[in-house]
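Two complexes come next, and they have one chain in common, chain A, joined by chain B in the first and chain C in the second.
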Partner chain A sequence: MTELKGRDADPAASQSAAALPGPTSAEGARRQGRASEGGMGRWVGARRRAARKQERLEEQDSAIPVELYGLRRGTVTLLTTLAFLFAIFTLVPIAWIVINSTKTQANIFETFGFWFASPFSFFHNFSLLFQNVDGYGTYIQWFGNTALYAVIGGVGATALSAFAGYGFSRFSFRSSKVLFYLTLAALLVPITALTLPLYLTYAKAHLINSIWGMILPSMISPVGIYLMKVYTDISVPRELIDAARIDGGGEARIFFRVALPLMVPGLMTVLLISVVAVWNNYFLPLLIFNVNTKYPLTVGLGLWSERAQNSGNAQLFPMVVIGGLVTIIPLIVLFLLLQRYWRGGLLLGSIAN
Partner chain B sequence: MVPFLVGFVLFMIVPLVYAIYTSLYTTKIIGGTVFSGASNYTQTLQSSQFWSGVVRVIIYAAIQIPVMLAIAFFFACVFDLGVAKFGRTFRTIFFIPFAVPAVVGAVMWSFLLEPQFGPMVHLANAFGFSGTNFFSPSLILPSIIVIVIWEWTGYNMVILYTALKSVPRDVVEAAILDDTPLWRIIVRIKLPLVRPAIVMLIFLNTIGALQLFTEPLILSYFETGAVSANYTPTLYLYNTAIAADQTNLAAAGAVILGLVIVVISTASLLFRRRRGEFS
Partner chain C sequence: MAAISTRELTKVYATGVKALDALDLDVADGEFVVLVGPSGCGKTTALRMVAGLERITSGTISFGDRVVNDVSPRHRDVAMVFQNYALYPHLSVYQNIGFALENQKVAKAERDRRIRAAAGVLGLGDLLGRKPKQLSGGQRQRVAMGRAIVREPSVFLMDEPLSNLDAKLRVQMRSEVLRVHRSIGAATLYVTHDQTEAMTMGDRVAVLQAGVLQQYDTPRALYDRPANVFVATFIGSPAMNLYEAGLSADGASGSRPAAVLGSQRLDLPAPVAAHVAAYQGRKVIVGIRPEDLVVSSGPGMVTEARIVEVLGSEQHVYFWLDATPATQAAAATDEPAEAGFLVGSAPNGMARIDPHTPVKPGARVTFTVDPERLYFFDPDTGLAITG
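Coming up: the complex of A and B.
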């Protein structure tokens, strides 16, 4: 886990520094500079070339300089262009939704999709998010619902994952292994496979339209438990726990005072993953809520899309567009701010397998 | 530990058991609910609607997953080797769709692909493909595949990238000193070493693909009839339970779909354990 810590201390490290132990941002920058030199040294004799490669590799203890790969001239440009094209593909829908959030309903359909048109209708569209147009529900209320479900569900999932992950990591009791395998099995069955059974159970238990029917299942996160177990295994030294036990600390005290502070980066990752999972969940709320005051954003926007097309409520189209934009902004901002955590979390996932 | 176990039992085990229980009964308009044994199962298994959805998601998975993983692996290698400029910026951009809910992603793409006004249709016309309809029966599946590739490539790329970062440096160095061409380093050294990560992604993506739901449902909102009520198994279950109100039948379908997924998961775990890739 030194890798993660090192990265936390130096967020400016280049991409190559991200996962290799030890490298500094200066080395990253040097390597980047070299990327532009191209295939130098191709005319030097093979033996001298090998010697030079050896030299280069020794002086450089992080990333391998690009020119040593013996690439053809222009390869870097070609690959950068390909990455650029895929970046455009990725950003096209985002650009479209930003531009069209400023348009009136007629202009969304009648003007060129990738440029602005007058009148500038952004603020009018935005104000509609605070109104209950045609009685299909108020966007701002759905936003509040989503935030509520995501925060309580996400914090709950993180807390439960921390307890359970620490438990699986530090205590071996009867059947703990069986339970962990059960958790792993659940890891491979995403929530959508369980949603219909959950809905049937709620219908029987009169939990339809209960917000707890949405929040409580979100707190059960096999992915979170798995990540926390792996993270505890590698970041909380067993000797430290044993020493604390010898000193006579109670188990609860040891967990909160000794282990938990060491688990913080892992906890942030699980929190991020859980919040996103609830924020983006569609199938469960679609089934269990049938009054629009309880809807999260996903179900509300789905309803608007359907009504706009099929019930002739075309004035809902600009609301779908701006509503979609407002839905994705908080998460994109969250991801950009917490980059090092999701990178760390995914790293954990790949170490563990 | 205990709260998790209680939650695990309440929200995973109980619903499954109740679904199995429900699936064994049949509710009739006259006569109420009666025990009907396996009849819901035979009805589902004999239903061409159910199976056409199953076949469709298998075809979908067989195309979408290899294409997406190929793109993801390609860019993961490019960024890992540092052979493109601005790698860090590109990685961040590629990952953005992961933060976009599938509903919003599908809504955005529906607007872009919409047959009458969508900018993509104008683009296709400009390139000489006049009369292109991305929501037509022949193009709807490719459209869904493009949307899902848009949503998930970045996430898969970041996982492969972190896996590639763990390939020991000295192995690659030795290959370079032997004048091994770059593509051979990738295919012969890096690819085998990140195999476990690729296997994991194949299984996770397969499980996700078998439950395809949100994208076709949203597309069907934009173009009625573009997607049938039984387009995917999950859509079939949804429409059987909600629209047709046949909960017993839907429960049987959920159990069958769940079993298929569990079989795939278990097979993958056993396969990986035997290969020593899984601890």
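Coming up: the complex of A and C.
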């Protein structure tokens, strides 16, 4: 890789060029595509493809040789190599889990870890996830639990972060600064330090073995609140709120109708972070659940793994491997789905200069 | 009864900065009032307080006979056009214009009728389906106007609505804004820093400086009878020339009354002399508008031309006059100090003359001025001298 992308290749930058007179030809083509979005669906598709191709070509044209950035080619090669090695390092465990999910129990231990071996037992392993093999619980049930906790907790955390972040960003009220700094301070407290007080509180509040014991704390996300505050600061201009107030909008309506649509990229980031946090949470469910029908995947797989090693129930090993693989798939899918929301330019045309 | 009136309206920020000091202003029904002044003079603060977007430190704001100090912006029935438009970027032009009506729960058919009517007035009929990012600057500006007029408000506020347009479009939109104003007839308060906009658009113009109202009058009166040095230099372009002068007493050494500017002597006819009689024998500030200077071949003020700008329809002559300019007041205007970097003595005056009069830089030019067109100010207070 000897060429770096120029600033012009940045989609946000190329979109903002549209605000200026004399749009680029790609923008022109895209706009034409948009203009014809009526009933001519097929045409639109073809035009969009043409516009995208044009965009790609322009991107190539605008790539700037590394020398113009004041970098030496040797430096670039070195950095690229290091980045490549780091990428391999990160991907190795994923490759291992994919490969070994196709192996039998015996082959996991006896064959080379980074290549396939026969028999191909992926589907057999997969089917085990639907069975209660050793009486400790069914993977599919834990999967359902995790999904439930992650969806309610993640969506709840996102909603609360949006409310709180918007509030901190766009209202000034007594001690708002103090409250915000307290929120930030909460980031610094490790959850492990809270184990005992949390457990005792839960016991009093009858939240032990309750799904709400898992979900409610997951809905509080100091990181999410912080991110939404910062994101609102930059993405929801004060003038827009002023304009909506003058236009007679109530505060709730202004939030939902004017501010929220502009906060979407930030919301999606918080949603992803929160869902992943709940999905991967091991400590909290371990603390509050002692009924294995309520376990999430993390605790369930941990239990299997522990039993496979300690009680000699070796057939659990392939299940732990494929279980691990299936566990990460929804997160990858979620990431890919949300990716399209991370784009700039939502404010184009709203505020002059 | 005035549609908008402010009494002793004052804003002091937490930092202690006094942005607005006891503003008294009345805007009659259907009147177009311009608040003008240099950057940071408090005009936008005043407008935002009228809109309800800014807390009032003291004083009152009334719409008609209703004091609105504690009324939230959404219940004030004001419409406002923002300097940077502040359009809702994710809503179409139609939805942008209709947003306020939706908030008021206006029935759909009625809403549709009013949105289309407003769009019609502003020539936005074909753009209703577009998003703000698909519009040009001028079109966005119209949408911002449409959003305001669709409400048929009793009070219309505009905060430098034309300042983001290019020069040509700005001139065009000036008459457009006035046309729209006449068609809806709401009391309008219009903020600008551009004195040309103020002069051409306002029924009355309020000149603000450093949070203090300097003068509130018709454009004609501001030009002809500026209340003080600040208004005199701020209104009118190019700005008025100001010099320190002494008024020689009538009859002393047998001469006629005159204003003495450095080595120059301007004879004052009896009515003018009577006007400034109280200042005889004392120092004053004399103001001369560049357009009142006429090149003469006879006696007059002798100057040396330094820079000559030919604009086609007129000619600007920057000259040096052997007199002390009164600059302390002029410094407050937006205009940068002109050509002060030149070697030697910089020009200290400016004349706007006929483009066909031959004037060369470095040449000696004699100007005459009708003494009736001179302005006199008290050098201590800066106030106009009224006889």
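One rule holds in what follows: the second predicted complex is superposed on the first by the 250 of 353 C-alpha atoms of A that agree within 3 Å, B and C clash if a C-alpha of one lies under 4 Å from a C-alpha of the other, contacts with A are read in each partner's own complex, and residues count from 1 in each chain.
Going forward, a contact is a pair of C-beta atoms (placed from the backbone, for glycine too) under 8 Å apart; a residue touches a chain by one contact, two chains touch by 3 or more.
Everything numeric here is computed off the predicted structure, so don't read it as measured data.
Applying the stated contact rule after C-alpha superposition, one finds that A:L262 touches chain C and leaves chain B untouched. By the touch criterion defined above, A:I211 lies against neither chain B nor chain C after alignment on the C-alpha atoms of chain A.
Look at A:M219: by the touch rule set out above, it reaches chain B but stays clear of chain C.
Touch criterion met: A:V320 reaches chain B, while chain C stays clear of it. Contact with chain B, but none with chain C, is seen for A:Q339 once the two complexes are overlaid on the shared chain. By the touch criterion defined above, A:E239 reaches chain C but does not reach chain B.
Of the two partners chain B and chain C, more chain A residues are in touch with B.
In the superposition on chain A, chain A positions 18-19, 31, 346-347, 349-351, 353 are in contact with chain B in one complex as well as with chain C in the other. Here chain B touches chain A in the complex through residues 1, 3-5, 7-8, 10-12, 14-16, 18-19, 22, 71, 75, 78-79, 81-88, 90-105, 107-112, 116-119, 122, 150, 153-155, 158-159, 162-163, 165-166, 169, 172-173, 176-177, 179, 181-182, 185, 196-197, 200, 203-204, 207-208, 211, 213-214, 217-218, 221-224, 234, 237-238, 241-242, 247, 250-251, 254, 257-258, 261-262, 264-266, 268-269, 272, 277-278, going by the rule given at the top. Of all residues in chain A, only 14-16, 18-20, 31-32, 35-36, 46, 50, 53-54, 57, 63-64, 66, 68-71, 75-76, 79-80, 82-84, 86-87, 89-94, 96-97, 100, 108-110, 112-114, 160-161, 163-164, 167, 179, 182-186, 188-190, 192-194, 196-201, 203-204, 216-217, 219-220, 225, 276, 279-280, 282-283, 286-287, 297-298, 301-302, 305-306, 309-310, 320-321, 324, 327-328, 331-332, 334-336, 339, 342-343, 346-347, 349-351, 353 touch chain B in the complex they form. Note for the complex: chain A touches chain C at residues 18-19, 21, 31, 34, 237, 239-240, 242-250, 253, 257-258, 261-262, 345-353. Residues of chain C that touch chain A in their complex: 51-53, 72-75, 78-80, 82-90, 99-100, 103-104, 131-137, 140, 147, 151, 164.
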